[in-house]
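Alright, structures below, take your time with them.
Two complexes follow with subunit A in common, the first pairing it with subunit B and the second with subunit C.
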Partner chain A sequence: MAIDTLSLSRQFPRWRLRWERLRGNILLVVVMAVLLAMIVIPIGRLLINSFLEGHPALPEGWTLQNYTTAFGMPLFYQALATTLVLATIGTAITVVIAVLFAWLIERTDMPCRNLAWALILIPMAIPGVLFALGWALLLSPKTGAMNVFLRDVFALFGVEITEGPINIYSIGGLIFLDGLRGVTTVFLMVVGAFRMMDPSLEEAARVSKAGTVATFFRVTLPALSPAILAAAMYSFISSMESFEAPLAIGLPANIFVLSTLIYFTTRIQAPLDYGLAAVFGVSYMILMVFLLIWYRRAVRNSERFATVSGKGFRPRIVSIGQWRYPALALFVVYFLFAVAAPFCVLLWTSLLPGYRVPSIDAIRLITLDNYREIFATDRVFEVIWNTLVLMVVAATATMVLAFLASWIIVRAPVRGRGLLDGLMFVPHAIPGIVIALALIMAFLTPPLRYTGLYGTMGILVIGLVIAYISFGTRLMNSAIMQVHKELEQAAYVSGASTAKTLFFITLPLLFPAFAAGWIWVAVHALRAFSIPLMLSSKNNEVFAVLLWEFWENGTASLASGLGVLLIIALIPLSLLMRRFIVQVSGQQG
Partner chain B sequence: MNVTATGCGRTCLATVLISVACAIPAEAAQFGTTIDEVVALAKKERTVQVANSWRGPVLKEIAEGFKKKHGLTFKQTYVSAIDSRERILSEALAGLVEYDLVNVSGELRPQYIKAGVITPLDWSKLFPNVQPTLIDPNGYFLAAGMSRYGIIYNTSLVSSDKAPKRWEDCLDPMWKGKMAVYTRPRTFTGLWPAWGEEKSLAFHRKLKDNGPIWTADQTGTAAKVAAGEYAFGCGLPYHTFLNIKRRDKTAPIAFSIPTELPIQIGEAFAVMKGAKNPNAAILFASYLASSEGQAAYHLYGRSNPFVEGTLANEQVNKAGAKLVFGGWEFAGAKEAAAAKKIVEAWGFPKGR
Partner chain C sequence: MEVEVRGLTKTFATSQGHVTALEKLSFDIRPGEFYTLLGPSGCGKSTTLRCIAGLERPDGGEIVLGGRTVVGPGVWMAPNERPIGMVFQSYAIWPHMTVFRNVEFPLRQTRSWVNKTERRKRVMEALSLVQMAEFADRPAPFLSGGQQQRVALARALVSRPEVLLLDEPLSNLDAKLREELRIEIKELTSRLGITAIYVTHDQIEALAMSDRIAVMHRGANPSGRFAERYLPAAGEQLCRRLRRTGERLRGYCWA
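For the complex of A and B:
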């Protein structure tokens, strides 16, 4: 199928030769063009807008004022510092909890380990915004259900306080939420390493009479430190992008992080200022690029110290003796904080006309009216439909694009693969809020303005594809590497075209990885918040946006009702994902 | 290895052609220049698409009244705060016009005019019976609802005798950390014409120093006052109080009318350029501004305090409050400039 360029050069002029070469690489050209339009144009537009005065579609001339204003604002530096502090301490908490549970669940004889493995995935079913709203209801200083309970307990001991003792609307509150939120992801990143690690070092430690704790701290942890470090850095980067909790908890406390500063500048403050937001976005993106380069280098170096190999062994289960049940109790406490408490308070609020502290009087007010009101609103069905469409289309588009891009990167003998690989890395450095801001600017101005996608489901799909394409490509890259190209070559020999081979030979072989990626993107699309919120319009509203609208408009009970329904829908998807994660990573769960 | 381009090429070409065809705007609808023409053209149009923030019984009342008077219907898409109006402006600039009639926020009115996305009309010629104060002198907007801003407090936490009754009461250190202030300063831009810049900014610096809890939504703030999280919200519109009470009749909140009561044009409707039902939209806006339409506004808490016999007028007279109203001259560019200065005094990112 390769084009004989020598014979062509004798027959055709140079332009024709170039055209034929282009045709020969049509897949690369199309994929590159799509990705360039989706990624490079919005980023370029964001950069341009940072030098423009006025509304993106009605610019009032070039200026450096946006930069001087942004960099002269104490709030910008405060937000930057808060973002870093939040990410650092939040990550430390996340990693300690996740690593501990990975070890307990995977390597010890803690009771109910299999159940714990399944339950630890449930937090993924609670979108960040609902988690934050749940905890706002639990730990608001005056009316938070948990604070009221704690005050009642203190009163039994003669300590009378009128508010608190815990204020969720604080840096501490944000750190607490951030620390709990990332546990599932870090757990999934390190649990495989715990299962696959070479047990000989631990066995040697035991032969040398080291105890369980000493072996864990002096052998197991150091041996797995590359995997833990990689997970910690990933978690740090995710925390840097955190938006939901800072929006629901930080803003009322006048605590800004970079993401909420952008949201505030383009959505809340009057008048709105896109130029200033663009500067915040560009600065945020540059910071994230540096962090990702650091992450990639660390991960690359960590591979040199691999203790997890492809050998077929299974590490021994460690007995933790009398600590078995305390360990289980610790897991139960985590589950209560990460899932049960926020879910229960949302359920409680959804059954009341307005939020009330749990009491006998409040029980008398219980009603299903909120659920009736939710289902009586015709808009809700439109929103459910939009959410499902977004979930399916975004997941499919992301994974198909990721599959094609990965195939080109790993297999296609064409020039420009390195560029494509680099391009796939870029979106990982762009926080969701910045992607949304860049898309607003890009689709309000030529050439993308003429696509008519602004305000449609299309722009949401593009936003989510950009947000998740890096993950999809990484997943597909490693999956394609595991499939030998002999099978594809056999198809070519039998006369199949590249497209046919890709979709009928390669893709079916990669189905577990493709399905795992699809479900991962679908779950994330269902709970996505910053991108749909920033890009929402009359015709593309999704669940999370309606939920936030209910909350913002003072109908916490409707927001809670909608949230409860969303969580119930997400739980089976999260559990289904486990099956594919296990299949992809070759684990047995 | 290469991929045959033919199949992909045809599909791509078809997609591009369909996209281009969809992007070409449809022929603009015709506007009537006399009331008879407007009525005749409106009969051929469909349901008016309105972007506004009505909730509760006002919707039914207006729908029935409009149907009875003109035999037409409307559909509201709920929008609130400044960002949704900004979104509608952005959509219009991108060629997407989903609404016939939009209630444009005060701070955004100059931008809508500048962007050329709304249509100026000779409202007084078309509807001579509409109160002149409701008509924008430049013809872009027709006002309907009037917002009045006061203090919403929790009756379980604050007794009526201690409830703030003057704006200066929000500066009392006893409320430090207990009161909420909405970060979009419409209440305080409403006071600006009476206070002037110096007094306003001095007040806002002190307000900031008194450690308010900044909030990003007004009804949400009122809901948290009702829940007991904040003692009161300093500067919230009356209709948010009604919104809470309508859903939760037992909510322990009350509305305190301060001695100086800022009034803002709460609903200024504009007909969008490219609207699919422009004549029906004109009739709908005029219905809202008519005496029949205005009668429904007491249900939503946005009746006109300048008109004798309205609920707002009764409330104001009973409280003996002094009305502060900047009118059309202040609404728009001057209000936006005042908002910038207030936001800056509060220490938030300022729009320049």
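For the complex of A and C:
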């Protein structure tokens, strides 16, 4: 056999075959090069810059100073500790609420369950920054609407205070926001498990004389623990990356997490220190990569012990008797806190000339002037246009690249596709703020400086494409695997080239998945905040950034008006997205 | 068109190392001949066909179609450049197109532009060859298995290829339909005078249709080997068994 192989390679020179293969697949080579460049160059730049002194565009030489400074900074360790504490406690709260509602809505006779199912999805349509701003208006210590209300109640009992009682600008406030924020995602990740669980497990517990509560804690929860654990880890990772609430609530109170520390170092403090920020970015990224590897392993292991089968069981409804209405009340309270209260306070503020505590007197002042003012500024139309362009271009670019990448991973007869598969997973582990930081550095230095994309819409599009390409590729991978190989081969033998086959046969066949991914990216691009903010300049402002600018300039009513408009645009889009994604893959948006 | 296969060798990389699927396989097919590769699954007959189509790249040897080398030392012609038509086991009818669009597709890929009326004429011609003309505007998913296979045949023939490759085209159909289509395919290819290479594991099918049969056999070696080189005895035995089934042997057993 060995001799045969030798003689064969003499017969077909290797380099020659390789060259011919390349020549026939120029499209694939270009795609792989683009993807590689898109991910490797910024990360490489980030690493290099962590060893450089001075501004990235004008480096002053190699140094380890950045590392010694960073690791000698108490603030860095404080931020790290805050990030971990916030993520841990926040995730615990999220998981308890989400699991409880998944069980109540899916498996008990709580009233209005179908309505609750629909309502629990609504937080998806509220960008994190608006959620935080809403609560800042509700619970700021002096003028927060809810604080004023609480003080009035206390006054009835003769307790007079002038401030508080609750201060949102605190670590407690951050934990509260983080805990509420992730409920929808975790709910969607565990609710399927509740539905698919074999009811005979619980029936066996009941006939063994266990009560409802004992059955829930002794049988239902342990049986579902793999799914719950996976969801909890996912939620922990998202909390580690959260930026919006720590920016709006944490920074004014001098509470730093890793993401806001990077933002502060590169956008606020004087002088800006890119080298230091690069060190923070590298540490942050390494931490997240380890967390994600740990998550992937855990999920893979938990699949081995799956108690949840794919069989379609009719879920057994548990009667919770007199607890039905308290359960519903609990859900109503959650909905008030997660959606109704922050949205209403934004709406209220947007209808008044300036922020006022809600009262009967103030109703007389209600006006649409803020909206008029918003649309009277020229910049607004430019910003709306930018936002739409960003949505459409980022969604299209992400999905086209993801489609081609997946096709190479699943189908193409080229080496290195395993590498590509691994590479497409990397951006998933990088927080948006670090992507943005790496892009700033990459586009301030050669070779990418010559593209002139710094400070334009182009760099924003690239940032969002990197942020969302992991999701797109995962979606496209499973879709392409479902397209029978022979359908493509039939096109080749009919005389079609690879490019024509991809365009006329493969793409139309998986169009539903492509469209679902497109909408997913578009929705996320519309509410994206950290990347557009980090990369923003005069010419590439988008809606969320303008909103933040209004807020920072103290015009809360204009910011609220923009926020209300954004939420109204996002509600139908989010629901549409969820319907598409569920149809295509059963994956959770 | 004459088909020559010379010293064709193909190995597959698996997790357990390399598996030789074809080793130095050679045969010739005369123009207009109906040539069948017969053998059990895993003997390499589909691999041979896919090498001729260009869907697999052999590790050695050469394939010559009508005097033109399509694959050989330093030569590689992509499947879309070869003068072939192919019918797949799974039909591979594109579900997002109508019957007409499916059959029209190869005509849209040709280098020399075929205009619309000409395209329509040739598609309808191909469809009437397989008696599917009245289904032209039907979406592909609304066809039965037998109808899909007829469309696949029309699609393979519409660009008037010189070599028709058929990869177990009848194995997903029920017995009655198989018999019907068997006769149709045979008649069609002899009427058009096209060279056909047919892959099957069904002896009856091979005997009923072929001008010539090549028996491929899996040897003691786990890889498939061509009867010619390793197993003349086994080949003859198989031919005797074929004769016993009572069908008349057209052509002769080539072993």
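To be clear about the criterion, the second predicted complex is superposed on the first by the 509 of 589 C-alpha atoms of A that agree within 3 Å, B and C clash if a C-alpha of one lies under 4 Å from a C-alpha of the other, contacts with A are read in each partner's own complex, and residues count from 1 in each chain.
Note that contacts are C-beta pairs under 8 Å (C-beta built on N, C-alpha and C of every residue); 3 or more make two chains touch, one makes a residue touch a chain.
Treat the numbers as computed from the prediction; the structure is a model and nothing was measured.
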{"item": "Which superposed partner A:58 touches (first subunit B, second subunit C, both, neither)", "value": "first"}
{"item": "Subunit B versus subunit C as contact partner of A:509, first or second or both or neither", "value": "second"}
{"item": "Subunit B versus subunit C as contact partner of A:450, first or second or both or neither", "value": "first"}
{"item": "Touching partner for A:486 - first (subunit B), second (subunit C), both, neither", "value": "second"}
{"item": "Subunit B versus subunit C as contact partner of A:497, first or second or both or neither", "value": "both"}
{"item": "Subunit A residues contacted in one complex by subunit B, in the other by subunit C", "value": "1, 24, 413, 492, 497"}
{"item": "For the subunit A and subunit B complex, residues of the former touching the latter", "value": "1-3, 23-27, 30, 53, 55-58, 65, 69, 73, 75, 140-143, 169, 251-254, 261, 264-273, 275-276, 353-356, 365, 379, 412-413, 440, 443-444, 449-452, 454-456, 492, 497-499, 536-539, 549, 551-557"}
{"item": "List of subunit A residues in touch with subunit C within their complex", "value": "1, 4-5, 7-8, 11-13, 16-17, 20, 24, 413, 484, 486-487, 489-497, 500, 504-505, 508-509, 511"}
{"item": "Complex interface listing, subunit B residues touching subunit A", "value": "1-5, 7-8, 12, 19-20, 22-23, 51, 77-78, 80-83, 86-87, 89-91, 93-96, 98-99, 105, 107-108, 111, 114-115, 183-186, 213-217, 219-224, 226-229, 240, 243-244, 247-248, 250-251, 336, 339-340, 343, 347-352"}
{"item": "Of all residues in subunit C, those that touch subunit A in their complex", "value": "9, 11, 18, 20, 23, 53-55, 57, 59-60, 73-74, 76, 78-82, 84-86, 88-90, 92, 94-96, 105-106, 109-110, 152, 155-156, 159, 165"}
